[in-house]
Each structure stands twice: as C-alpha cells, then as structure tokens.
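Two complexes come next, and they have one chain in common, chain A, joined by chain B in the first and chain C in the second.
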Partner chain A sequence: MSTQNNGQNDKKVMLDLKNISLSFGGVKAITDISFNIYEGEVRAIIGPNGAGKSSMLNVINGFYHPQEGEIWFNGEQRKGMKPYEIAYQGIARTFQNIALFKGMSVLDNLMTGRFTHMNKNLFYQAMWKGPAEQEEIANREFVEHIIDFLEIQSIRKTPVGRLPYGLQKRVELGRALAAQPKLLLLDEPMAGMNVEEKEDMCRFILDVNDTFGTTIALIEHDMGVVMDISDRVVVLDYGRKIGDGEPNEVRNDQTVIDAYLGVSH
Partner chain B sequence: MSADFLYTLEVILNGLMAGVMYSLVALGFVLIFKASGIFNYAQGVMALFAAMTLVGLQSGQIPFAHLINAIFGTDLHHFGWQMPALLAIILTVGVMVLFAIIVEKYILHHLVNQEPIILFMATIGLAYFMEGFGDIMWGSEIKTMDVGIPSGGSFWLEEVTMTWAAEGERYWGMYIDKLDVVATLVALVLVISLTLFSQYTKTGRALRAVADDHQAALSVGISLRTIWVIVWSIAGFVALVAGIMWGSKSGVQFSLSLIALKALPVLMLGGFTSIPGAIIGGLIIGVGEKLFEFAIGSVYLGGATENWFAYVLALVFLVFRPQGLFGEKIIERV
Partner chain C sequence: MFYRESGDFKKTYQEDGQTFPIRFDRWRYWVILAIAFLVFPFFMNDYFANAVMIPFLVWAIAALGLNILTGYCGQLSLGTGGFMAVGAYATYKIMTAFPGMDMFSVIILSGFVTAGVGVLFGLPSLRIKGFYLAVATLAAQFFLIWLFNKVPWFYNNSASGQINAPERDIFGIVITGPHATPLATYLFCLIVAVALAWVARNLTRGRLGRSWMAIRDMDIAAEIIGVNPLKAKLSAFAVSSFFVGVAGSLLFSVYLGAAEVTDTFGINVSFMVLFMIIIGGLGSIFGSFVGAAFMVLMPVLLKNILVGGLGWPTDLAAHLEYIIVGGLIIIFLIVEPHGLAQMARVLKEKLRLWPFPH
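What follows is the complex of A and B.
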C-alpha cells in the first residue's frame, strides 16, 4: 500500500526539504534531515521532547533559516525569504503556545488572518468608502464561513484573551484557515486539551483536509491521534530523522519504539 | 451667577484645553509604545523638528544655510518665496514620513529583539541628534509660526459672559484663547480618525496585531518593518500637529521639545497603551494643575505649582494604579 517505497509515486510533492541542518551557535537543533510533503496529505512530525520538531516547523515557515540544505515549495527553491513573504506564498501556521492577538476580538483575529488577501493600499483604506469597504465586506463574508465551519458563532465579538484554552486553540486554527493556505502547519494542536476537545479538533483537521483539500503538517504527541489522522509520519530524535512512512510502518519500527520507550542506548 | 463660579468655570475650561495640548504629545508616545514597545524619548524633539521644518519651508528658508555659508563663504539665507501654509504642511508630512523610514532603516532595524532599555537609550540618542540636526538645518533662533490659526482671546465670549455675572459684581468676562479651541477640535478629529482607522481597516488591524504578538503577526503575512514605518509616520504626523499648536501658541523654540516631559505624567495617568487614556489623562492633568493653582497654589503656596503638580499627581496614581487609568491590567499567574 505504501506509495513512496514501491516507486509508484503519482502524488505531487508540495514541499521538499533536502538535507536541512540548523544550529544555534554550537548547538545543533537539526542535522541533515530530508523529507517531503505531498499535496493534499496530512503529514505528522513526531518525536520525543527536544527532537527538533518545532524547529523544523519554524524552518518551514521561515522563522529559522537553516545553515545547510534546500527547501523547495511547489517546485520553486526558496532563497532567503522572510516569514511574512512565506505567508504570502500560502503557508499558514498555529503555535505551540497559542499566539493570538489577545486584545482583539475573534472576528478581528480572523480578519487579520485574511491579511494576505487584502491589497487595497493605505490611501483607499484611509478613504474607507469605495474599494477598501468592498474588499472588507468580501473578506468578512469568507471569515463568516470559517466561523460557521468551526462552530464559534457565539464568541464572534469576544476578545480572545477571555476565552478558555480549548476555544483559543480553535480560534488560532481559524486564523490560519482564514488565509486559505496551501500548506497548513499545526504545532501541537491538541496539547493540553481534554478528550472531548481533542475529538473536536481531530474532526476539524480532517474536515479541513477533506473539504478544502488543504495540505497539513502537524506536530503532535498523542500517538493515538497521530496514527488515526495522518497519512504519513516522520519521526525525529535528537535532531535526526529516525523514521519515515505510513503510520503502520512507523509504529512497528524498532528504532522508533526505542526512541519513544526510552530504551537505554 | 456669582463671579467666583464663573472664574472657576473659566479655570476648568482653560485647564481642559491645556490638557488637550498635553494629550497631543502623549498620543505620539502611545502610538509608538503600543506598536513596538519603545518609549520614544524623541517624541518632543520630533514635534520641535516638525515645527521648524514647517516654518522653514513656509518662509522659504534655505536648509543648512549657516553650514553652507561657513564653508563656502557665501551669504545665503532665504529662497525669497513664501509658501502657502497648506503646501508647507503637506511637504512637512512628507519630511516626517522620510524621517520614519530613516529611523526604521538605520536604527530600529538593527535593534530588533533588543531589551526595551536599549531601544530607549537609542531614542535618547536620536532626540539629541535631531535637536542638533534641526538647529544646523534651520538655525536655532526663535521663530514665529503662522499657519492661519486664529489666536488671542475671544472678545465675543468675553462680552457674552460679562452679562452672566450677578448684578454689581466685578467680572470682566471669560478669557478663552481661540487657538486652544482650534487645538481641541483638531485633537478631537485626530483621535476619532485614528481610532476608526485602527478599528476598521486592514492596516489598523495589522497595527494592533503587531502590538499584541510579533511572531503571530509575521505568520499571517504582516511585515514588521512596514508597520514600524507606518507607526513612526503617524507619530511624526501627530508630532507635527502638536508642533503647530504649541508653536503657534508660544513660538518655535528649543523649549518646545521639553513639552515631552509634560507628557510623562499624562502617560502615567492614562496608561502607556491606551489612546483614550492619553486624552483623558491629559485632560485630568490640565484641569488638575489649573484648579490646584487657582484654589490652593496661588492662595497658600505662593503660586507656580503648575511646574510640579502634574508629577505629584502622577506619582499618587502610580502607587494606587500602576497600569494607569486605561492601561491593560498587569496580571501574572504565579
């Protein structure tokens, strides 16, 4: 069944990471890691704490610039791009420790997520009436769809700082979705949630993948969840790749089991 | 109405309008602090520089004339034309935008992720640099500003109010400076439009987003550099408005840059992060110091209390409400 190992690779590679190495001063965070993400798949990145998962995500969205390696997105090699330029390319993300605009309402947070889709200049914005207003209305409509989709109608006007943790996570997902990303990066979308909230979040992630066809890369610690929702899994440990494949293959891989169960090296 | 009541009313009105002038300066601080966490010590000097540039352009002064004359032995001073006030204002706005771009490119850009105290020190350096640069560019003599804002007391109001006093009392009518009235209206329009802009436009939301979380802002496609240029441009514009008002009132001179210090107690009262706070804070300080001087200072303390009253009031506030009236409450979970 494996699509990548038997050579019948009919899927389009969206993101290709080749021999990525990243270090901070003398500390190596990522050592020579290569993997790719197919268009339309849910790709999980797992590994013990400090394995370099979040660093990997930060490399993909441009917060970190790897010292070595190549990043290819949709057939184009990335060269020295800033994070905000990468957002314009169609990569959106959420953060491990929720990074919402806390003083702003849910609606304003999602509207800010539409930033890359609004291009009327300052002059029009200052005039307000006319083009800027039309653009505002069109984008507001899209945001309302996201609000319906995530079932957060009732908290539309609430400042996000006042929302409970689980809902904040959902709003953060909403802000990323508002950008209509080609590639959605989720950093521990279910961390700190109870079972019910986790089930909701799983449902949303799968729905996003199904309905919008969004490609998703996610970091998650809950193995049950990872095995359930992802198409392929890449396993990191101490900044190196130790496993890559479909959930079943990875689950039975001895190196991966060792890394997770903490077998003495 | 008794004359005492009318005097008190006059003091309060004048206090409110003086407060508006403080608010104008405080507003510039709040804008930059909210967006970048920088306490911009140079805000007052920016007001002075903007005012000097406006007067210089309007009266057709040749920039750097002293310097050119000293080097080449020439005797340049004026182009010999008089520019319309509106055109001069528009050009000055352009200069302040240019200033914002330069500050971002050569200072802020190199200090990203530094401690607030380092950024603060940088703005002190910037303040003294601009002060000297402004002097070299436009000369250090005191200039008069005239962009057509009416000034002086309103005779109409004096005549009307004179009849309000009770029969037989010595009351000569209320003194209100027309310039203060204009300043109040301008400040009102400025605050309302800034608030609307930040609430309902894409860039306004981006400004608030950057104020809340840099990383998240980057991740949705907002360029911090662009936002900082916009914020410093708006702060430059606010500085120009403050410079025009203060300059028309008391001349364009070095002491103009010191009004920045008067904005400090306003900020302590209103909070560093709130635009309405800057306004209300200014009003409280304005009315407070005028009333205190009128009722207590001049009677029991020998006057001149306006110099320190604002700071004492701010100190009292700091003790009981450190985040200011409207500032975000600081809650730390332990």
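What follows is the complex of A and C.
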C-alpha cells in the first residue's frame, strides 16, 4: 500500500478502492478490501472459487454498491452511480458467461459497444439521412478497426448465436473494446478455451494494453496465463485480501500457497 | 443467377448498410412501391379499398407498432387495443375541437397523445418483465376501454356513446366522412403506412434500435455498455404507442368512420395484433406487413374462394374460414416458429446459392 500516491512512483493511480465491504444480508462477500489499479497496467485478480472476485468487478462497474468503503476513479470519488453512468466514465467489461446480444449480428453487437459515443436524437434517427447516418458511418469506421484487430472480418454479418464459443468470447472482447474504455474489466476471458484459443486471447489482451494503452483488470484461473501477462496480482480468499504484488512475489507468498493448496490450521 | 451479391460491390459503409443489400431486392422493393402508388389507384373501387387494402395498411401500422415494443425491445404488451382506442378518441377530440385542421396533423397529433399515454403505462416495465408485464398492460387495456365508456367528455356527450368522424380533407381532397372516395382514402393510408415503415426501419437500424435489441437480448450487458434501461424501454413504449395510436386513428376516422369503444378496440384486437407479429415475425418490419396481410387478407381470400368460387352458403363459409385460418396459424407456427419473415430469410439464403447449394 505504500506505493500509492507517495510521489516517488511515477505511475498514476487510475482506480483506487479503499476499505470496500460488501454483504448480502448476513453473507459477507467482501470484507475490508483495498487495492488500486495504475494507469496502463494489467492487473489480475485471482483467488479460489467464491473468493469474491466477480463481486469485486461488480462493485467496480456499479452493479453492487458496497456498504462501506470508497471508490476513486481518475481522482474522483464515486457516489451512487448506475452501471450505465459508469460506462460513460470509460469502464467496460466482459462477462464470465458470455453476455452477447444473441439476436444481433457481430457488427451490430460491436456497434452497440459504440453506444456511449453516439448521441443523435430520436428525430435525426427517424430521418436517418444526414447527421444520424454520418454518425453511424463514423462509428462504423472505428468498429472496423476493432474487427481488423481481432481478425473477425469474415464473421462480420453473422448472428452471434451461430458462432462457436471461442469466437463469441472474442466478439465480446470486441464489444468492450468498441467502447474505447479507459479501464477494461475481463471476467475469466479464457474460461473453457483450448490452448490455441487461450494463446490468441492472451495476444489480444497484451496488444490491447500495448496499442490502445488500455488499463486492464482481469480475473483468471489459469495461473500460467496470469503470471505471464499481468503486471501486478491481487489475491482474494473468502472475501479478504491475502496477497498483493508482482507475480513473483505473490507466487512465493506462503499465505497464497496455503489458500490455493489448502492447509490444516 | 439473378439473386446474387457477386458483382454488386459495396464501396462505402453507406452502401454496406443499406436496407436491401441485394440488387434484386432493391428492384423488387421499388416495383412493389410503384404498383401500390401508380397501378393500384387505377383499379381502386369501393370493395378493393375498404375490404382489402385499407384494413391491410391500417393493421400493418398497428403490427409495426407492437413489433417495435415486443419484437425489438422484448416488452410483451396486451394493451394494443386500448392504445388504438386512445388514438381514435384523440383523433375524434381533435377533429371536433379544431375543425380546420388537416388530417395529417390530426393523425400525427393523435399519435403523440397515444405516445404519452403509452409511456405512462410503460413505467411498470422498469420493474416487471415478461408475463407480469403482459398482465400490467392488460390492465391498461381494460382501464382505457372503461375510461372511454365512462367519461362522456371523450365522446362529446353523444347519446349513443359512439364517436363519428366528421368530414375532413387535405388540400381540398376529402379523406374522412361519407363523401370520401376509395382512391383518396387508399392513397392517404398508403402514404402514412409507407412513411411510418420508413421511420420504423430508420429507428431500428441505428443507435436507438440497437439499444432496444440490447435490452431485449441481455439487459445486464446493455446496461454495462451504457444503455439506460429507463430511456430504452420508455422510448420503445413511446414510439410503439405512436404507431399504434396512428393505426387506431386511421381505423376510426378513415376506415370505419364511426366507432364504439368496446366493440372496436376490445381485447380481441390486442390479441389479433399480437398474432400478426408472431406469425409475421418478431423483430422484423417486413414481418409486420406479412403478418397483417395474413390475418386480414386470408379471410377475405377464403371467403372469395368458398362463396364466390365454389358457391357455398355464406354461413358455412364463414365458419369454415375460422377453422382454416386457425389451422393455418398452427401449421405455420409448427413449420417456422420464428414467423413468415424467417421463412423468407431462409428462402433468400437458399436462393442466393441456387442452383448449386454446395
């Protein structure tokens, strides 16, 4: 914790979570967790099942409102915001179970990702010709960059329901990227993939981080992947933070090893 | 051979995003419009206008409206009849309060009134979904019918409780009332229907339409991407009710000329429009038209074949008509649960590869 805001570190804190506690009735999902995410880094959140990782992401993008604690995003404290308002602040995410719009084509899914960048009103849209069409084309151009980047040109007009799992995951990443987020949250981007698809996905994540400079927070169970691609790792267990630091530190931390392997207390 | 994308290169995103990407479809579309505007008027007589074309166009507008709400935004509504009644009574009140107003303005204003009422009854959709919302809109249906029966102000205290459309015109051409010609009423309905279909297509292809479909397909993901569920659902209710209101307005003023709320806009109307979009295809503009055609034109066609062609007695034909239409609905839903529009889509896919499907 000493690294944050101490002036000696040139990294800027993008998201700062302070003493977050979240409970559902009597069940404590998250207990007094603090960690931060630097601008431009890949931050992994790991932990055994039920550790509170997904709850943590849901807190970050506003689905859950923690009972205690503060959330600071880009130097501003967040107060009671709705998820769609948080989308406008520049936070996008993917889901553990694919949450694509099944009835729409790949292109329409990605164009929906541009929602926050479009603002022509109902009247212009009803007319179509003119401002609405221009806005559509300008955003289409951006979406085409994403399509090129993710190498999904050939499935542009395919309804997403027809695509195989691996491609659906990729389209979902594309939809999040189309929003040009400052912070991208990935909930198990590699779950259920084979080695090849995992390698592709790793490449995309690192490329996104490199070329767009997007800050990434991801949850992942594949330790090899996590240790390879992340800059810093935070480890949760039973809703508490048990480790935080660079992959090497975390890997050798006794508490973390215990949590994963299980020890008799 | 004739139905191909090859050779039809799209060089701009504008061309790529057009409604009919295949040249043959574009031609067909213009040909149909030309026939409707330039050929049909020469054959227009009282029967063809009042039994076939006008009801088809009016119900197609209503189906478009419900399709926006249910097919595109996923909000099931059983209040269509009630909202059509709002459109009709708004038209009546506007026509009698402002005798000098032209019919286009009357109809558009009635649409806006209905949109307002629709938003009001759409508010529960923020909390309840699916069947429960259907029940809430059913309440709207019964409440609105009750209201128009109960409060004499809506029917200007007329003794019969009916509303009658006075004579109104556009640029001197009489559209409503007993002196309106079939040609004038047909063209009026056609213009309104084509304009509204064009608006519906524009709204559903862009940002707003995608936000509706996003809410329909996965509301949580929609919210994450920045769609405000309140705005998306209420705008769907507003636009949908606008269309339904215009349909109710036309049904009363141009088609029937007089209406009694319980008979004309009862719960069976709501179900009929819902059947139209289910048979035609949810989430499809084309489907709204086909569905309306199926529900409106099929009985007319059957009647012509049975009574006119085979010479059967009218009462027998009328009963058999119900049986056949009901049977056809079931057969169509078994063969293609996603409606006639999906059938057309499959046919197009096949036609694209014909005659070498591999």
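Quick note on the criterion: the second predicted complex is superposed on the first by the 257 of 265 C-alpha atoms of A that agree within 3 Å, B and C clash if a C-alpha of one lies under 4 Å from a C-alpha of the other, contacts with A are read in each partner's own complex, and residues count from 1 in each chain.
In this text, a residue touches a chain if its C-beta (ideal position, glycine included) is under 8 Å from a C-beta of that chain, and two chains touch if they have at least 3 such contacts.
From a predicted model like this one, the values you see are computed outputs, not experimental measurements.
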{"item": "Overlay on chain A: chain C relative to chain B, clash or fit", "value": "clash"}
{"item": "Touched partner set for A:137, first chain B, second chain C, both or neither", "value": "second"}
{"item": "First (chain B), second (chain C), both or neither touched by A:216", "value": "neither"}
{"item": "Which superposed partner A:171 touches (first chain B, second chain C, both, neither)", "value": "neither"}
{"item": "Touched partner set for A:42, first chain B, second chain C, both or neither", "value": "neither"}
{"item": "Common interface positions of chain A, toward chain B and toward chain C", "value": "61, 63, 82-84, 87-88, 92-93, 95, 99-104, 108, 111-113, 115-116, 118, 120, 122, 125-126, 128, 132, 135-136, 175, 179"}
{"item": "Residues of chain A defined as touching chain B within the complex", "value": "61, 63, 82-84, 87-88, 92-93, 95, 99-104, 108, 111-113, 115-116, 118, 120, 122, 125-126, 128, 132, 135-136, 175, 179"}
{"item": "List of chain C residues in touch with chain A within their complex", "value": "12-14, 17, 199, 202-203, 205-208, 210-211, 213-214, 216-218, 220-229, 235, 239, 283"}
{"item": "Of chain A, residues touching chain C in the complex", "value": "61, 63, 82-84, 87-88, 92-93, 95, 99-104, 108, 111-113, 115-116, 118, 120, 122, 125-128, 132-133, 135-137, 140-141, 144, 175, 179"}
{"item": "Residues of chain B defined as touching chain A within the complex", "value": "196-197, 200-206, 208-209, 211-213, 215-224, 230, 328"}
